[in-house]
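Both of the next two complexes hold chain A, though its partner changes from chain B to chain C.
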Partner chain A sequence: MPQAPDTALAIGRPRTNVFKSVSRSLGAVFSVARRDPYAAVGLVIYAGFALIAIFADQLIHNDPLEILFTPDYDLARNLPPSQDFWLGTTYSGRDIYSQLIMGTRSALIVGLTAALCVVAIGTVIGLISGYFRGWVDTLLMRIADIALGVPFLPFVIVLAAFLQPSQWNVVIGIALLLWPNSARVIRAQVMSLRERAFVEAARVTGAGPWRILFIHVAPNVLALSFLYASVAVGWAILTEASISFLGFGPSDTVSWGYMLQDAYASQALGRGQYYWFVPPGLCIIAIVVAGFFISRGYEEILFPKLKA
Partner chain B sequence: MSALDTNTPDAPLIDVQGVSRRFDLNRSMGDILKGRYPTVDAVSDVSLSLRRGEAVGIVGESGCGKSTLGRILVKLIPPSGGHVVFDGEPIAGMDRKRELAFRRRAQLVFQNPFDALNAHFTIRRSLYEPLHNAKIPVEEHEERVAEAIRMVHLPTAEHILDSYPHQLSGGQLQRIVLARALVLRPEFIVADEPVSMLDVSVRAGILNVFRQIQRDMGLAAVFISHDLALVRYVCERTITMYLGTVVEDGPTSDVIANPLHPYTRALVAAVPVPNVDQSHDPLPIKGGIPDARNPPSGCRFRDRCPLAEARCASERPVLREVRAAHKVACHFVD
Partner chain C sequence: MKYILTRLAHMLIVLWAVGTILFFMFRLMPGTPLAAFIDNTTTAEQQQALIRQFGLDKSLGEQYWLFITNALQGDLGQSFFFKRPVTDVVMEVLPNTIILTMVSLVVAYVFGTLAGAYLAWHRGRWIEGIGIPLALTTRAAPEFWLGMVMLAVFAFGLGWFPAGGANTSGANFDSEWARIFSLDYLRHLALPAITLAVYLQGLPLLLMRSNMLEVLQEEFITMGRMKGLSNSTILLNHAARNALLPVATAFALGIGSAVGGNVVVETVFSWPGIGRLLVNAVSASDYPLAQGAFLIITFVLIIMNFIADITYHLLDPRVRFAASS
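Up next, the complex of A and B:
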């Protein structure tokens, strides 16, 4: 071989950076926001709620579950918005503003963990199903069909009856029932990726199936996973609100659904206490819509041909 | 079986014996109602062998099974019939350890460089990946990558190593694809149309690099192409395939100067030649490539062949040696 002088060719070893592809996919979210105004709005709303959730302890004025009294030792019941109680108080004398702030935290915790579970399960199953095909694929996809066929709210309610009422029931319910959607889409994507030359290249150099799947194929479907995650966040928050509104939620954690249920049971509408139930309703709408805005813009870079 | 002749120096490095590959096709509603399972024979009863350091070109129209054959040779697709013996050992049914040993020695260069590299890997990562997969000792990695980069003449390598594939040109990418195969220091390489996706202006550079490496390293190489002119430039031996079968196999100079099979004659006549004095009798072939699902009986070329007679429909011609080292599968050549 021609012995060229080794001109200090700085080869260096590749740094195995696990976060690289994740951050590249996340980076795409921000680049979308620059191009798509809807996505930008969605991202701003999310950032706002995230800040509120993080600094909730500093923002609240009272413990959201504490029963409050006026200076003359009356129960601070059904007070209208004022200097002390920005959004008034509930029938049982609790500070609505503090409940709203604390509700943000539980909404985000439920939404994000549920989305994480959905995407983790959906991605792994989609990868395995699409890559191995055959009976593995048939088995997993039939399980997916069953999961899709289970009615959603009754399942979560039954789950809450079996386990202690807790916001984690919603997370478990969402994770168990919502993964098939992302699994199916990722499976289809993997089926086309596995025929690509770079996968053949990995095989011909001796990579085993699991390495091909998780090192070579997975980074190429991560963007799709994030798309499904942003939709799942909204679903989880809506479901949590529904469960709490129906009265199957935990009584020791304040959430927006819990506030709506409390307002409904105390006949807030009849007394015209709009400041009680409108803010949590608006918050639910805002965060769900923000999720859809982000996924909308994200979808546009993933599937540019879909643009009408 | 052929484990005995590995000691003789002229023993083939790779020996293909009667290899076929049948693919299942999607069943149409009509097929299901009639209980049919449509299949296509991409490769049908192919035998050939390669010595160490020998460069063989495989030419043929698209769909003639040359890429499938190439993938069978590097154990990416299992043959449905026949077997491939590499250095005395059948490549089917290897355990993981033997398979890795085979993978280190036999490599593939891809047609489309834009698709052959993982878009999420830096070039550096792509070059180290085979070493990791094939379990090469870690202390050799850096040296091997540097060596491969030198061999493919990749200028400004330091800059390129941290790039992602979409930032580079087709010519650069194809050099990297070649380097990725070379880091394992293979003895046998299959190049599947390595320049067909490239601009004409960069083809010559890649071809020169490929030819030089093949000679310097003494690689046994299979160069798949639909372009006889490229094969002539790189390979000393040429095989012509038609509809999954080998119709001619001989020294490149003989095959081009004196093609024996009517199909090869048509291929050679179709190569644009700048020299007006050099002329072959243009042998007209009729029609297009037939439906691979229903190939003609007997000789697969007969329905397009100007020489075809009744015998061609009933009897499949066997590949036989009619000149020195020059084989052909046709009833009418002797």
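Up next, the complex of A and C:
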């Protein structure tokens, strides 16, 4: 997690259109990529996985959950990689390559939704808390303390038992528990922004607090939100994999965690079926590292102090 | 002192809030909490007796009051599955979790701190181009996957280490201490501890490196160079000592989060710790046990956050003076 900035961001533009600001943030991502090789690698990895997820239906060879048979009507169990099955088959005769491709889709859906939720909550709470101060701030920050006092993975496990097994449990768990990280940093940022001349100017012209908050202040913290989102994607994907691995995931959705749980439970480790359990792990690493790389590059632009 | 008391009050409020949320979550779970107990042979009277025995016939408010007062006395109820007090079941496995956590954290932080200082000193060299992506990669790798690869290579493939558990089954020991210090235990501990350590070392490494880079720009380092001190003296006595503080805080925070985060590693290696106990309790719908294990994990997490807060406050004069003035 990035450290809280001890100096305020250099930028502090008065009244900017939110859409413009979003597109400027996205534009900044690409300009960061041009300057920072880490961020460039991260973006390329993301783009690759996004393409795989979009065209997953065209890329797979078999339905990922279909039980396959060899031409002589035997169950296609534990077959090694071959022309037909690029990564071999599972213990119950399913195509590993197709599962890996489909897993990309569910990983990205969970990752992006969770990141969007957690950062949206964190940004709104950070804005309100930092701008209104007083008892609202105290109340929200005490709730943040409670959320941070709950052990994360155990909570998601209990949540998965409480609700029905579904990928959304992970999204809910992340949204409920991880927002304080981004909220605290954004709160600090808003506290300094609200003293700036352009906010005072808006107040003098008669703009209401909500208008000032969302039209004038919010666009200036979006870059920070983006930074947290790029890390949250990876967190969500890791958590989803862990929950599925522990057996609390849905059994009808193929994800990388589901594949690893299947491999572990069917004793693929003892049989040395590396082609089964190594690829999903490498995919998880690649996508999480991509998020780290992007946030790193972005951080150096946002907080140039770190750049020695 | 006032600061410490305020933090202590905060800590107790957080603990109470988490306990309350947990209590209501478990009471609102779908299905009857006694599902694990009731089979075809249980008669209606027996069911009623069980419900009374576990206090489930009382109103929600009464149950809550009982839960809070009992928890304050260290009584977390009876496990449905083990038919023993939850506290006993949890305390039995807690040493295993603490040993696993501490061993891997110490290994991770010693390695991470040294490697981080080394990378900071060699900034801009080729080693940095390998070291940093490598550290980020270990932080991105799912712990349980790393554990699976370790198991496949070192336990099943090469046969160097046992594949799971904490002791060879059937082994007898004179006492708990004899068990923990036996060679057998260490052989079982090796793989899970290494797996966790690989995952954990990334944080101290990156933290130490960035702190060192910051400290190395301070004037007292330039002063040291002008005095003609050797590189190693500057590195160890001047820079590293000042860069260590945030790493020490991270260590305390690390204990708290690792006790809860160990869930997956303990499951992969069938390590009889509190995380695996929680997973099994939730799977078996043993609600009192799941609730108790969760509360103990929360307790450790919050205590460690508190300690980290206090040490940071006490060790860093800048923070201390800023708070008092």
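For this structure, a couple of remarks:
FYI, the second predicted complex is superposed on the first by the 289 of 308 C-alpha atoms of A that agree within 3 Å, B and C clash if a C-alpha of one lies under 4 Å from a C-alpha of the other, contacts with A are read in each partner's own complex, and residues count from 1 in each chain.
Everything below uses one rule, namely that contacts are C-beta pairs under 8 Å (C-beta built on N, C-alpha and C of every residue); 3 or more make two chains touch, one makes a residue touch a chain.
No experiment lies behind these values; they were computed from the predicted model shown.
When both complexes are overlaid on chain A, the residue A:A197 reaches chain B alone and has no touch with chain C. Once the two complexes are laid over each other on the shared chain, residue contacts for A:T205 go to chain B alone; chain C is not touched.
In the superposition on chain A, contact is made by A:F152 with chain C only, not with chain B.
Of the two partner chains, chain C is the only one touched by A:G247; chain B is not.
In the superposition on chain A, contact of A:F162 is made with chain C only, not with chain B.
Comparing chain C and chain B on the residues of chain A they touch gives the larger count to C.
When both complexes are overlaid on chain A, the residue A:N220 reaches chain B alone and has no touch with chain C.
Overlap of the chain B and chain C interfaces on chain A comprises no residues.
Interface residues of chain B, counted against chain A in their complex, comprise 71, 74-76, 99-100, 103-104, 106-108, 110-112, 115-120, 122, 124-125, 128-130, 133-135, 141-142, 145-147, 149-151, 157-158, 161, 177, 180, 184, 216-217. Of all residues in chain C, only 10, 13-15, 17-18, 21-22, 25-26, 28-30, 123, 133, 136-137, 139-146, 148-149, 151-152, 155-157, 163, 210, 213, 217, 257, 259-261, 263-264, 267-268, 275, 278-279, 282-283, 285, 290, 293-294, 297-298, 301-302, 305 touch chain A in the complex they form. Partner chain B is touched in their complex by these residues of chain A: 1-2, 4, 6, 9-14, 20-21, 24, 196-198, 200-207, 211, 216, 219-220. Against chain C, the residues of chain A that register as touching in their complex are 38, 142, 145-146, 148-155, 157-158, 161-162, 234, 238, 241-242, 245-248, 260, 263-264, 269-270, 272, 274, 277-278, 280-281, 284-285, 288-289, 292-293, 296, 306, 308.
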